[in-house]
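Common to both upcoming complexes is chain A, partnered first by chain B, then by chain C.
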Partner chain A sequence: MTRKGLHAVMIHGLLFLALIVVVFPYFWMLLTSIKPYWLITAPNVWIFRPVLDNWREVLFESKLPLYLLNSLIVGGIVSVISVGVGSLAAYSFSRFNTGGTPARFAILAAQMLPPVVLVISIFLMMYHLRLLKTYAGIIVAHLSFILPLVTWFLIGFFDEVPRELEEQAMVDGYTRFQAFYKVGLPNVRAGAAAAGCFWFVLSWNDFFYALILTGGPTKTLPVAVAGFWTFRGIEMGQMAAAIIVAIVPVVTASFFVQKHLVKGLGGGVKY
Partner chain B sequence: MAEVVLEHVTKRFGDVVAVKDVSLTIADGSFTVLLGPSGCGKTTTLRLIAGLEEVTAGRIFIGGRDVTRLEPKDRNVAMVFQNYALYPHLKVYDNIAFGLKAAKRPRSEIDRKVREAARLLGIEDLLNRRPRQLSGGQQQRVAIGRAIVRNPNVFLFDEPLSNLDAKLRIQMRTELLRLHRRLKTTTIYVTHDQEEAMTLGDTVVVMKEGEIMQIGTPWEIYNRPRNIFVAGFIGSPEMNFLHGTYQRGVFTLKCGVELGLGLFEVPEGEAILGVRPDDVYLAGHGPPDRSDPLSAVVDVIEFLGSRAIVSISLGEDRLRMVVSDALVGSLEEGKECRVVFDRRKLHLFDPRTGERLN
Partner chain C sequence: MVIPLLLMLLAVLVYPMGSSLWVSFENYRLTALHARHFVGLANYAKIPRDARFWNAMGNTLVFVSTAVFLEFVLGFALALLLHRRVRMRNFFRSVLLTPMFITPVAVGLIFRFMLNSEFGIIPYILKTIGIEVDFFATSPLALFSIVFIDVWQWTPFMMLLLLAGLESLPREPFEAARVDGASAWFTFRRVTFPLMRPVIVVAVIIRMLDAFKVFEYLYVITRGGPGNSTESIMYYIYRVGFRFFRMGEAAAMSYVLALIILLLVFLEFQLLRRARST
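This part shows the complex of A and B:
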């Protein structure tokens, strides 16, 4: 075997090992979700007759589909608002240097703190605003940390779009806003798309804020999944099925947007 | 088409004065070049006319209309940027049509104008491409096409040729001139390249540190520079400057060498004598109206093909002269030679103010 061939085999071997490490937990969960209940506590049993009891339970007898919808609604609205507002804010930072360099970093200030520091004040605010257990409450809470991230992320993208493009548009008869909308925005769309997906996932996966701010019919998926940990014990099989339900949409979505993600996260517009 | 007038225009960025009290009238249909070294305020002046920067003081008129406070979109000017600023997300066709769409022209008219401009510039085959698939010269044409379809009052060019290679630059230069002859639209063109300025402009405005040094035809700028800056900036190789004293028709160099010039009606005293390398001749080959011959020593000969640039020492001063290849054979480095100046083409400057004396 040539040196080059050996090299390739080694690399692929390593990648394969890494893949096993990454994929194994998912595989184990899938297995657990189809195990009969008397084998749930026996993780070393690999061969059994699969049953769909857990899935039937989760999909048709629990309220999980409702919580799935909640997560979709919250994540969707958060993404749309954060990309919409974030791109305007980022444009302003990039083009007018709003607030100077300190402001660019100040917008991330809240990220420097662990969420638990903020959650009490957010809870109290939501309580007084009567936004507990509402979509609006959890959306605002998510925006409080996602919007600054999106803004910060998009500043870099706008910085890479030459100013002359918008100046050209303005000389050509467009207003500043039209120049932003027709020239600036289309040239950061890879970044904006990546940001949108990325932060949809962040909202989708959030457990902490959701646990404290949602409840009853507005629960989101992560909270619902944790809910299989009941006073009777952990419903391991149902939980595994619910986790897979929570993962599938995100994995599927990232499969379709991965091109944008790589392009977006890898360095902006090619000019 | 329109006349462009700048009245006492000043632009400050914080403490930096980029444009300082500039007053300028650009005639309708002229091709005016703003020329100067980088940081001289020429691009800022152009951006002020476009409306991309706001004036700190002064007023700007285009076609008799006060546009000082108008948005760029309301000034009816077209601009070509140094990097062409083509919209990467649009095809060539849509790039050219972009401004017409802003003006909400009917689709048939847009189509006709885009194709007409493309034909004029020879880019009809490229209309469906994206900007990044084009070469530098093609991108340049698209940028020009985008400017001309709008039929603006004024064209503004910001160093449009500086990203092209030397050969293409000369070709595009000719095309720009041809275009201007045909469209006769007032054109303001910024460059730091004197050759471009001389060949393109019917008027050249030389700027330095935000101020206008001289406004004139290329001939005037070259032959009658108003001050030592313009004299040194224009012309290649650069004009020779000799410090000395002028008295009773004789210019005495610091080292004591005397040059019999005897022609100027200028105040006597200290002066700087400027003479272009092209106006220094080997004795016996000079023009009829020449200075007395001087002894000099040949330092370095740089051969350029049809001519050579020869550095000579005149006492302690050094100067450069251009010698045709037929004569350069008679010279040898380290050997003496005799030179004369063309007396009609000598420039005297005041060493304190730098202003022209003769």
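This part shows the complex of A and C:
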């Protein structure tokens, strides 16, 4: 074999190894979720007659679908508010350079804040308003970190839309707002949609705020998933199924957003 | 057009920040609300003598530095591999990136299950080659098992940022190095690495900020144990605030944490500036 050929084999070998490290846990969870209960604690059994008991239990007899719905509602509301408010502001930062570069960075500075700082006062606020265990607290908390990110991403997207397009539209009689709404916004739609998936994922995955601010019927999916091992004793098969339910939507979304993610992270600043 | 954003941020960010700062100056216990009163800096004064706070801070620093270092090394290696013309490159990249999109609670539970000393697949495989370990039972090992989980989940993020950095590098220096007959190692050390330094610093800062927030793995696996050997700072503050309901003290601790993080970021930005000027 030539030296170059050997090289290629080595590179592919290493990448393949990494691939196995990443994929094996998924495979193992899938396998566990279809094992009959007496085999779940037997790691040496790989071949067996699969059963769907765990899946039936989780999808039709537990409250998991309700918690899934909660996650969807919270993520949806947060995304809609963020995009609505964030796109207006991002347009202004991009077109009129409102506040200059410091303002752009100030938006991101909030990301450094440890979540405990915010959660204490949001918790107390909701406690005194008697709004604990409703959607209110969790939506406020998620907006606190998603809204700045949304704005940051959108600044980058708007920066890439040529100004001439809008100027032309305004010459043709559009107002500034119409130019934003009918010209600027459609031009960032593709990027914003992909980034929207990403913000949705952030909200969907959050556990810390959800643990403290939701509860009972408003629990979100991660809080429910965490409960499988801690409170009900060991129901590993159902836990595996629930984990897969929590994973599949985000991993699917990830395939759509990856390309835009890099661009968005570079966002509001040009190096 | 910025006004809606400002109002919104005022409500969800600035107001909560201010109000928890105020709480940090109060004796504020949810279990004794009528006894709430202003105590000045008393909550802050307790922190230097709070051994458990510094234990948690130490654990967190060990965790952050080992995890971020390993993620950087592995992420950089993977980024370099994927930067070449590899067959099925997009496939490899897409699949290798998936862990960073999964909720950390799920990742924690997956590994709690797979690393379980009685029925986990990994100890089982290790047993067949004669190694017997309980990943979460003894003191230093438990923390490093958590590090391992973090590395599994977040190396992809490092890889993503570094790969983007590699792809935006200018080509000329590499061509010049090739013309001069430089070896691959020399090119990496003298061309790739210096050019990548700003990207590296940014990637490490972002990852570090996030690693400081480690909470979910502990919540679903060790609960801070054995002893307090895996208790992270976020987990400790969570306990003080939401298990013992001592809001004032928790608020003071979270502000101290914010200051420490700010300081670290400032130091790293100094590094970045030096990297830019050379």
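Methods note: the second predicted complex is superposed on the first by the 224 of 271 C-alpha atoms of A that agree within 3 Å, B and C clash if a C-alpha of one lies under 4 Å from a C-alpha of the other, contacts with A are read in each partner's own complex, and residues count from 1 in each chain.
Basically, contacts are C-beta pairs under 8 Å (C-beta built on N, C-alpha and C of every residue); 3 or more make two chains touch, one makes a residue touch a chain.
Computed from a prediction, not measured in an experiment: that's the story for all the values here.
When the two complexes are overlaid on their common chain A, residue A:Gly13 makes contact with neither chain B nor chain C. Of the two partner chains, neither chain B nor chain C is touched by A:Pro65.
Once chain A of one complex is fitted onto chain A of the other, the partner contacts of A:Tyr127 are limited to chain C, with no touch recorded for chain B. Once the two complexes are laid over each other on the shared chain, residue contacts for A:Pro50 go to neither chain B nor chain C. When the two complexes are overlaid on their common chain A, residue A:Ala253 makes contact with chain C while staying clear of chain B. After overlaying the two complexes on the shared chain, residue contacts for A:Tyr91 are found with chain C alone; chain B is out of touch.
In the superposed pair of complexes, A:Gln111 makes contact with chain C only, with no contact to chain B. By the document's definition of touching, neither partner reaches A:Pro217: not chain B, not chain C. Chain A has more of its residues touched by C than by the other of chain B and chain C. Applying the stated contact rule after C-alpha superposition, one finds that A:Pro186 touches chain B and leaves chain C untouched. Shared interface residues of chain A (contacting chain B in one complex, chain C in the other): 271.
By the touch rule above, chain A contacts chain B in their complex via residues 162, 164-165, 167-175, 178, 183, 186-187, 189, 269-271.
Residue ranges on chain A touching chain C, taken from their complex, read 11-12, 14-15, 18-19, 21-23, 25, 28-29, 32, 40-44, 81, 84-86, 88-89, 91-93, 98-99, 110-125, 127, 140-141, 143-144, 147-148, 151, 180, 201, 204-208, 211-212, 221-223, 225-226, 228-230, 236, 239-240, 243, 246-247, 250-251, 253-255, 258, 261-262, 265-266, 271. Of all the residues in chain B, the ones that touch chain A in their complex are 50-52, 71-73, 75, 77-79, 81-83, 85, 87-89, 98-99, 102-103, 132, 146, 150, 156. Those residues of chain C that touch chain A in the shared complex are 1-2, 4-6, 8-9, 11-13, 15-17, 19-20, 23, 30, 78, 81-82, 84, 86-87, 92-99, 101-106, 109-114, 118-121, 124, 152, 156, 160-161, 163-164, 198, 209, 212-213, 215-216, 219-220, 234, 237-238, 241-242, 247, 250-251, 253-255, 257-258, 261-262, 265.
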